[in-house]
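Look at the two complexes coming up: subunit A is in both, with subunit B in one and subunit C in the other.
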Partner chain A sequence: MMAWYQGPQARRFAVALVVVVALLGVLPVIGIDAYIHNQLTLLFITIAGALAWNWMGGFVGQISFGHAAMFGIGAFVSARLMLSLHLPVPLCWLGGAVVAGVFALGAHPLLRLRGPYFSIATIGLGEASRLVFTFWEKFTGGSSGLSLPIDSIMKYQLYWYALILVGLVAITSVAIRKSSLGLKLLAIKADADAAADVGISATFYQDLIFVLSGAVMGLTGGMYASYQSFIEPNDMFGFDRAISFVLIAVIGGVGVSLGPVLGAVVFVLVKIYLLTSHPDLYLGLYGLLLILVVLFEPLGLTGLYRRIARLVGPKRPAVGQAK
Partner chain B sequence: MARLLDMVVSAVLLAGLYATMAYGLGLIYGVLRVVNLAHGGVIMVGAYLGWCLYVGFGIDPYLSIPLVAVASFAIGVAMYQGLVRRLPRGAAGGPASLLLLFGVWLVLRNIAYLLFKGDDRSIRTEYSSQSLTLLGTHISINRLAVVGIAILIAVGMHLLLKRTQTGRAIRAVAQNADSCTVVGINTNRIYTLTFGIGSALAGVAGVLLATLFSFSPGTTGSPELLKSFVVVVLAGLGSVGGVAVSALIVATVEVFAILVLPSYLTTAVGFVLLMVVLVLRPGGLFGTRVLS
Partner chain C sequence: MTRLLTRNLTKRFGGLCAVDSVNLTLREGEILGLIGPNGAGKTTLFSMIAGSIQPTAGEILLDGHQVTGLPAHRCVRAGIVRTHQIVRPFGNLTVLENVVVAAIHAHRPGAGHARDRAGEALEMVGLGNKLDHYPSTLTLAGRKRLELARALATGPRVLLLDEVVAGVNPTEAVAFAALIRRIRDERGISVVMTEHVMPAIMSLSDRVFVVDRGKQIAEGTPQEVVANPAVVAAYLGTEAAAEAAS
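And now, the complex of A and B:
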């Protein structure tokens, strides 16, 4: 088997990634207005979070409604590190990521559960951590929240930090998907018992992915906190936040390594549009989108794209490409 | 001592509500193997229907229960026929149905929000604040009625499932749907019916909820879904009597948590209990193992 970084497909991905990241990287230098600069920063953070969710929800097939727990922990730990220890900001993010990863490891017992049991247990995980962290005022400031000491330079630079994060997370996504680890996850997703019979421990690999996914979630949470420079537990740990990652991944294409990128772009655009024009239709529209995707195009926008590409694109012989 | 008795009584009364909420979720899962994530949404719809009938037409919430049951039954049938049935074969129990029904929940929440805004509402009748005094403890008439209805529903469900031809068909489909088609049971009809009954029960639970607590589109739904799920999982699947017992256990744990925890955190007890139960007894107290 070819390693994930070999072959024409990997080369194409590498070139595309370098070009896109380089282009986005020089955008602020050329000069874009502050609004777009901020929205792009937010978009990068969102994409990173959704990609990390997809590792668990898409690759392993365990739909988590509780990823906001790790997101919130990353945010509050990094905020605390800034406020109490005055560490350099990127170090604080890493600290948040580590704690979020350890927390995810602590959720190990939940990973024995599969399917709906796992999903609903994660709702419990998310809501319980929201309540506990709201209650823990010494650490999180309770419902009055925390303000972060982020200066305007840091906020400006956050753009590049978030861009680097997205690049790394995207590479990791493709690496997991195309490597033998990805195949093992696929086996677990298809049938955990059968995977165990050929020596693939569902528990071990789910732990691994949950910890990785949780740590990245913590990192995005930390960056998001710095972006907002004010955080409040009910929002950071909120159910709406948890489901936004689910929605993005589903809209973009669950299990497709870069599907959530597409999903996040659409999600953020729709959100910006809806919040200004029809804020009261916001949830329902996403619900409707979810229903339509599940019923008609289980791979979301990626599926739609592939369908259109097949219709209008040149007839290429099907190369043995994994779906 | 009097306080202890108070707490035991309030646990029993709360259990009535929890059991009613859980029956529908358990029934649908038992027969279709689908966790109805829209369950909390239907409970919310039931609460609003009861509220509208009370405020708009002056119909007493306990009298509106049959109306709400019929309406929620129709919602359930529509949900099954329009959505769940269309899932690709084999996907019905998987992530697809979770996401689908979750979408339905979001839509229901949004509709409620559009129609009623985000305000807290509740059904307050003349007898809402009346209570009986028994052995020195006060028992709210409302809560007592909720327990009575929960018991009625349990008995009704038991009779339906055990004594009627339809009930036998439902149980047969739950055991083995393929064999049922061989002996001429219309499985699609049974699934539709089950989804309808499950939703009707959720709607009724919503009315009961509305007579006891305030509700709003933002806050009603996920706690109810989670509590129903705790009860169902603890009971083990497919056990009507088990649901009543485990509703009592969950309610007791919650009520007594007030003794050791700050009141704000008692809400988290249900969620923690859910995780503990799932991890320690995933097969429930009265059911079979569900871990794959």
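And now, the complex of A and C:
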């Protein structure tokens, strides 16, 4: 088997990634208005979070409704590092990522559960962290939240930091999926016990992915906090937020390495459009989208794309990815 | 030389003693038939040796090393691998990928090596022309071959086969018997197999080990075992045993 970074497919991916990142990278220099600049920053952060969620939810098949916990921890730890220690901002994000990763490792007992039981337990994880951090006023400022010392230059530069993050997370997604690690994760997803019978420790790999995913979630949370420059536990740890990662991945294509990118673009576009015109409709529309996807196209937009590509394009063998 | 040894291996589920002080010896390059009536504890014994369940008491030695209580994935790396009575292929992976993923840990460095080992194993079981198929497109016999290839790819010293011939047609059964013999002859792997298909096990096994209600009741060559009154009693009842003795 070829290593993940070899072969024509990998080369195509590398070229596409470099082109897209370079284009997006020079976009602000050419000049786009501040609104689009900000929305793109937010989009990058959203994509990175959804991709990291997909490692656990898609590759391992453990649907987590508790990823907001790591997101919030990353946000508050990085905010605290800025406020109390006055460290450089990127260093604070990394600090948040490390703490979020360690926290994810602490969730180890949950990983004994599989399927719906795991999902239900993660709801508990998310809600418990929300409550703890809401009442831990010394650290999080409680319901009145924290203001971050982010100046306008940093906020402007955040665009590129988020772009770099999303690039790295996209590469990691493809690397995991195409490497032997990805194969092991698919085996665990199919049957954890049978995986153990061929020498794969489901416990170890689930821990590994949960920690990686949690750390990236923490990084994402830290950047998001810097973007908002004001954070509050009920929002950062909120169930809405936890659900949004699930939604994005499902709409884009669960288990497809870059599916959540598509999902996030649609999610953010819909949100921007509906929040300004029909704010009361937008959650309802997501619900509807979710039902449609689950009923008709379990691989989401990616599945739809493949179906169309098969109809119009040259005949390619069906790709039997991720059930 | 002794390859695998269990000493007083015991498993209790609450008040039920599923396996009771079993002392099993498997020699190097041997095919050992493990037989017994339904519920005798064959699969429980397998599961303990393969690390899927923890023994209540007793120990398991592989080439003189303790493997008692190791989790399943560690047992595989130590060299003990099992197949399941009900096949469990990874449905989301192709035939080749199913076996590659098993071969990864067999020889640590390089995925290229894993690919080769997987190819060899699939060639050996006769699935060399189905590499890109998904398991759902295979027949039951095909999926059993896949399960066997997956086990082989881990590079085992001891192979535990749980009813590998059961449920396939007679022609396939004969092919499987030949395959198991080849695995032993060409790879020097020691095999323990359970089976309800008596002709298969009697013709294949060098020795047969009989359990009934968790206890070992006989051990010996196939000819010795079928003549053993305790074995006849376990399978056909004490009346039949008395008749056979007279």
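Following the convention adopted for this analysis, the second predicted complex is superposed on the first by the 313 of 323 C-alpha atoms of A that agree within 3 Å, B and C clash if a C-alpha of one lies under 4 Å from a C-alpha of the other, contacts with A are read in each partner's own complex, and residues count from 1 in each chain.
Methods note: contacts are C-beta pairs under 8 Å (C-beta built on N, C-alpha and C of every residue); 3 or more make two chains touch, one makes a residue touch a chain.
Keep in mind it's a predicted model, so treat the numbers as computed, not measured.
Subunit B and subunit C, once both complexes are superposed via subunit A, fit side by side. Once the two complexes are laid over each other on the shared chain, residue contacts for A:254 go to subunit B alone; subunit C is not touched. Contact with neither subunit B nor subunit C is seen for A:237 once the two complexes are overlaid on the shared chain. Once the two complexes are laid over each other on the shared chain, residue contacts for A:194 go to subunit C alone; subunit B is not touched.
By the document's definition of touching, of the two partners only subunit C reaches A:186; subunit B does not.
Subunit A is touched at more residues by one of its partners, and among subunit B and subunit C that partner is B.
This overlay, made by fitting chain A, leaves subunit B and subunit C with a least C-alpha separation of 11 Å. On subunit A, the patch touched by subunit B and the patch touched by subunit C overlap at residues 193. Within the complex, the subunit C residues that touch subunit A are 50-52, 71-74, 76-77, 81-82, 84, 88-94, 97-98, 100-102, 104-106, 111-112, 114-115, 132, 134, 150-151, 153-154.
On the subunit B side of its complex with subunit A, the touching residues are 35, 83, 86-88, 91, 93-96, 98-100, 102-111, 113-114, 222-223, 225-226, 229, 233, 262, 264-265, 267-268, 270-272, 274-275, 278-279, 282, 290-292. Interface residues of subunit A facing subunit C in the complex, by the touch rule stated above, are 1, 3, 179-180, 183-184, 186-187, 189-191, 193-201, 317, 320-323.
Per the touch definition, subunit A reaches subunit B in the complex via residues 57, 61, 63, 109-110, 112-117, 119-121, 123-125, 127-128, 131-132, 134-135, 192-193, 239, 243, 246, 250, 254, 280-291, 293-295, 298.
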